[in-house]
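In what comes next, chain A is part of two complexes: it sits with chain B in the first one and with chain C in the second one.
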Partner chain A sequence: MFLNAVVIVLQEILEAALILSLFLAFVRYLNLENNDSVLRRRIWVTLSIIFGILLAWTYSHNFSRISDSFDYVGLEITNASIHSISCFFLVLFAWLLPPQQLIFDVSHRLLALTLCMGIVVMLAILREGSEIMQLVGGILNQGQAGPPIFYGGVVGAGIGVSIGVLLYYALTGLSKERSLRTCVLLLALTTGNMAAQTILLLNQADWLPFTPTAWDTGGLLSESSVLGQLAYALIGYEATPSIMQVGAYTLGLVIVLLSPISRLAWSTWHGKAS
Partner chain B sequence: MRSIRVFLATSIVSLLTLFNFVAAVQGYQSSMREADALFDNQMLDLALLVSNLDVSDERLRSLQLGDDLAFQVWQNDKLLAASANAPSVALHEFADGYDYANFNSYRWRTLARFDQVHEKWVFIAERMDLRFVLAENVVLQSVGPLLLGIPLVGLLVWAFVSRGLAPLRKLSSVLKAKPANDLTPIDFGDSRLELDQVVASINGFVARLGSAMDREKSFSADAAHELRTPISALKIQLHNLASTVDAETDAYRELQQGIDRMQHLIEQLLALYRSSAEQFNAKARPVNLLDIAQDAVARLYPEFERKNQQIAIEGDEQLGREIFTIYGEPFALETLLTNLLTNASRYTPLNGQIVVSLLRHSDKVILSVEDDGEGIALDDRARIFDRFTRLSGAQTGGVSGCGLGLAIVRHVADLHGALVKVTSSRFDTGTAFIVEFTIEGAVNNGKKDE
Partner chain C sequence: MSEPAATTKLRNTGIILSVIILLVAVSFIAQLARAETLEIELRIRDHLFFPDTLVIPANQKVRIRIFNEDPTPEEFESFELNREKIIAGNSQTVIFIGPLKEGEYFFFGEFFPKTAQGVVIVE
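Presenting the complex of A and B:
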């Protein structure tokens, strides 16, 4: 029970923490902090977390109703929708980030960028929060197994939040050029991960046909191992992805890597940017 | 603004949490394996005990052991004895060793042992779920304190990091409290290995800066002062020359303009010196900006009249003139207004309009000088306050200045803790220079520097 709770909570918290750390690092590097806007005081983070928790609470309280909809594949369809909306706003964020000479003056796009980040963070909390709330509900109904699940949840959350904090400091501790490249790469991987998960959920709902497995790396890195879990949260690792999932992952990755911010990240920071 | 304290505390607590919790998970896994081996050994002991029991005793035929344990004793495919909760069939295959079995709706850990002395098989079964819960509860006893300890560790880390950074905070407050013009060395009593070099470097830098500023000030003041005499002599000679040569020739006019420009430049250099922090401290007092504005307009009126420009002063006096009073240095403020008005007149064409307005907004007095001249291009607005910056002829209508006027305006504004902005004027074309004086800021600045 303890270990199961650790794995579930760690996976959920890690995904949300990764997205939040990534955006906070972006805000820092794009000098948005110095702008006299909502971004400066990070109100958008607080608001997205609050709205995310409220939506997660509503979602977890309507689990059975949602599950029964769409011929009993309501959960899959809802989750696929959440993933695809997140994917859309991640791509929009990457394309809204200004090209080269405008990188230090993003004031005219602040509202749109803030909205993109806020929506993605809110949806991440909705997704992961609702699953954690299910677990908490489980603890309250478990009786004797409650304390181990509680301890497991706390340990999983502790590890996830710590990795998120350390990732943020690692991203902001690098040189500007390297950190921007890493942020863009992580943004691209997160987008690819979301796209692949959307396909998987639609496969499970039978809304998309199953395609053959592209490869099997279960022998090299098991999905259930701690490293496998970490790889899943960070880069969306799956040991046996289908061809369609690989296609969606690659598409998400490429669209973000083709964005202006990516071209900026790979050009010389001071050479072309200023 | 990033805080070193927050960075150190959160990163240390995160690292501690990460390593402790990962260690807790690893510890849990290995402890559970140990507990499993312990329970298996207990089953073996129980099997030895059961094999030595007298199976002819009727009470052993259906002994009530409890929910978590079951046993069977077999001999030649015949069940000799069993606990009441054991199944009627063999719960383990007839082979030595451990295995798993499902019966009574539960999963069980099973052990088979052949007793060679009595030639009978002893089967022991233990319920997996209860055994797991028991083991987990024991193991988690050691994880609990670790979880409770993290908040305590967090508080301690915060306290120690704060304590460690206290000398840095002290140095920061000493530097913050130091007046802008105080170039004396820092007296930082709290000696620390890491900070001593910083303090020594700052003191060295401040000393070098002080002597450089002294040299610059004395050079500017002396040079300007010494140049005044020859300029005055030149002007007298020029005046005398007018009686012997034709004053209407281009050569004469250019000579006169050149001497005027040189005189203006020297006056501006002297004004820059006079508006220094030391002068501010010595002469700062409550000053009415409306009075200063009216005086400046009256003084420069011939200039406006010469170009037939309309000049107006707007100031809502209904709440009394004292609402425009700030704490400042009168001569410096007069220079600021004179420079703004001279600029406005110079770059506004004939018959143009100039408006000086004063506005009281909460704790601010906002002074603006607007004209309907050519205006200043957006790209140039940021650099016009730099020393010796002159805009292109197209924007200035061919008028050239010495490039110090607006530098002096900003310098005076800085001394008063005021903010200078340049924007478009209320007219279709032209520029507005807006100076926002904070009454409180100016008073504090003055008091601080006293």
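Presenting the complex of A and C:
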């Protein structure tokens, strides 16, 4: 029970921790660029964690009702919605990132970026937190093996947060240019991952038609291996993705990687608007 | 804004209409697909799957209706099937799988992986 709890909580915490570390690395870059920044006050981190936990609690409190809705695929529909909203704000974040874009002045742009980050972190905590509460809480309520699960959860959370911290220092240890490039790449992979997850959930709910498996890399890197699990948490690795999942992943990836051209897009739009 | 207001309005109406048509078409297709789906039942009791072997035909979509008869939650998980779903204690849920090729697809309960194990055999 102890080890199960470690693994489950670690998986959930890891995804949220990696997103938060990535954003904090971006914040550091944005602070370097703008000395007098709203981002200096990291209140948004605290707020998004608090709201995330509150939402997770609400979700997990209404779990059965949500699960039974939409002919028993309510969980898939709800989670797919959460994933697609996250995707939208990740893309918006990427497209607001280049400093040359002209639609907002500096302080408004930073505020918008902060809002995007806050929403994405909040939704990550909602998603992962509700699963932890459901699994761990459900078992604790039965009075079965309470202490091992609790300590397992604490250990799992500790490892997850540590990996997040390590990622943050790895990202910020690089030179400014390289750090930014790596962050944008990770942002693109995260967005692709969320887009692919949305498709997978809608497939599982039978809301989207079936598409054949694109490839099978299970022999190369098994999803059940430790490395496979880490790759799953970090970049959404799947050994046997469907064609539609690969399509969604690629789309998300490309849209974020194209964000440097937002300078052009924004200025064209700005030109039209004025 | 160089475009006349009428053009903008027309364009917006066009966009909204096509989105509505798309949604209706997709839900219609989904309904059709649902009608020809095979359903099988899977029960969770004492952290075990009953039956632990599900035999289904190849190239056919299947709706697995899972009844969790334990008071504890369980997570149905399968790497081979790319499926993952939490089922609260004393409740039921639905997971769609397939159409699949012939072969063996293992699944397990993430919270009690030592005991809750099973396999989908596609033939």
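Keep in mind that, in the parts below, the second predicted complex is superposed on the first by the 240 of 274 C-alpha atoms of A that agree within 3 Å, B and C clash if a C-alpha of one lies under 4 Å from a C-alpha of the other, contacts with A are read in each partner's own complex, and residues count from 1 in each chain.
The working rule: a contact is a pair of C-beta atoms (placed from the backbone, for glycine too) under 8 Å apart; a residue touches a chain by one contact, two chains touch by 3 or more.
None of the values given here were measured: they were computed from a predicted structure.
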item: Joint occupancy of chain A by chain B and chain C, clash or fit; value: fit
item: Partner chain(s) touched by A:Ala205 [first = chain B, second = chain C, both, neither]; value: second
item: Touching partner for A:Ser64 - first (chain B), second (chain C), both, neither; value: second
item: Partner chain(s) touched by A:Tyr151 [first = chain B, second = chain C, both, neither]; value: first
item: Partner chain in contact with A:Leu135 - chain B first, chain C second, else both or neither; value: second
item: Winner by number of chain A residues touched, once chain B and chain C are compared; value: C
item: Which superposed partner A:Ala239 touches (first chain B, second chain C, both, neither); value: second
item: Touched partner set for A:Trp215, first chain B, second chain C, both or neither; value: neither
item: Minimum C-alpha separation between chain B and chain C after superposing on chain A, in Å; value: 8
item: Common interface positions of chain A, toward chain B and toward chain C; value: 144
item: Residue numbers on chain A that touch chain C, as the complex places them; value: 4, 8, 63-64, 67-68, 71-73, 75-76, 131, 134-135, 138-139, 142, 144, 200, 203-207, 209-210, 218, 222-224, 238-242, 272-273
item: Of chain C, residues touching chain A in the complex; value: 1-2, 29-30, 33-34, 37, 61, 63, 65, 71-73, 75, 79-80, 82-83, 85-89, 91-96, 98-99, 110-113
item: Touch list for chain B against partner chain A, complex; value: 7, 10-11, 14-15, 17-18, 21-22, 24-25, 28-29, 133, 136-137, 140, 143-144, 147, 150
item: Complex contacts: residues of chain A adjacent to chain B; value: 1-3, 6, 144-145, 147-148, 151, 154-155, 158-159, 161-163, 165-166, 169, 226
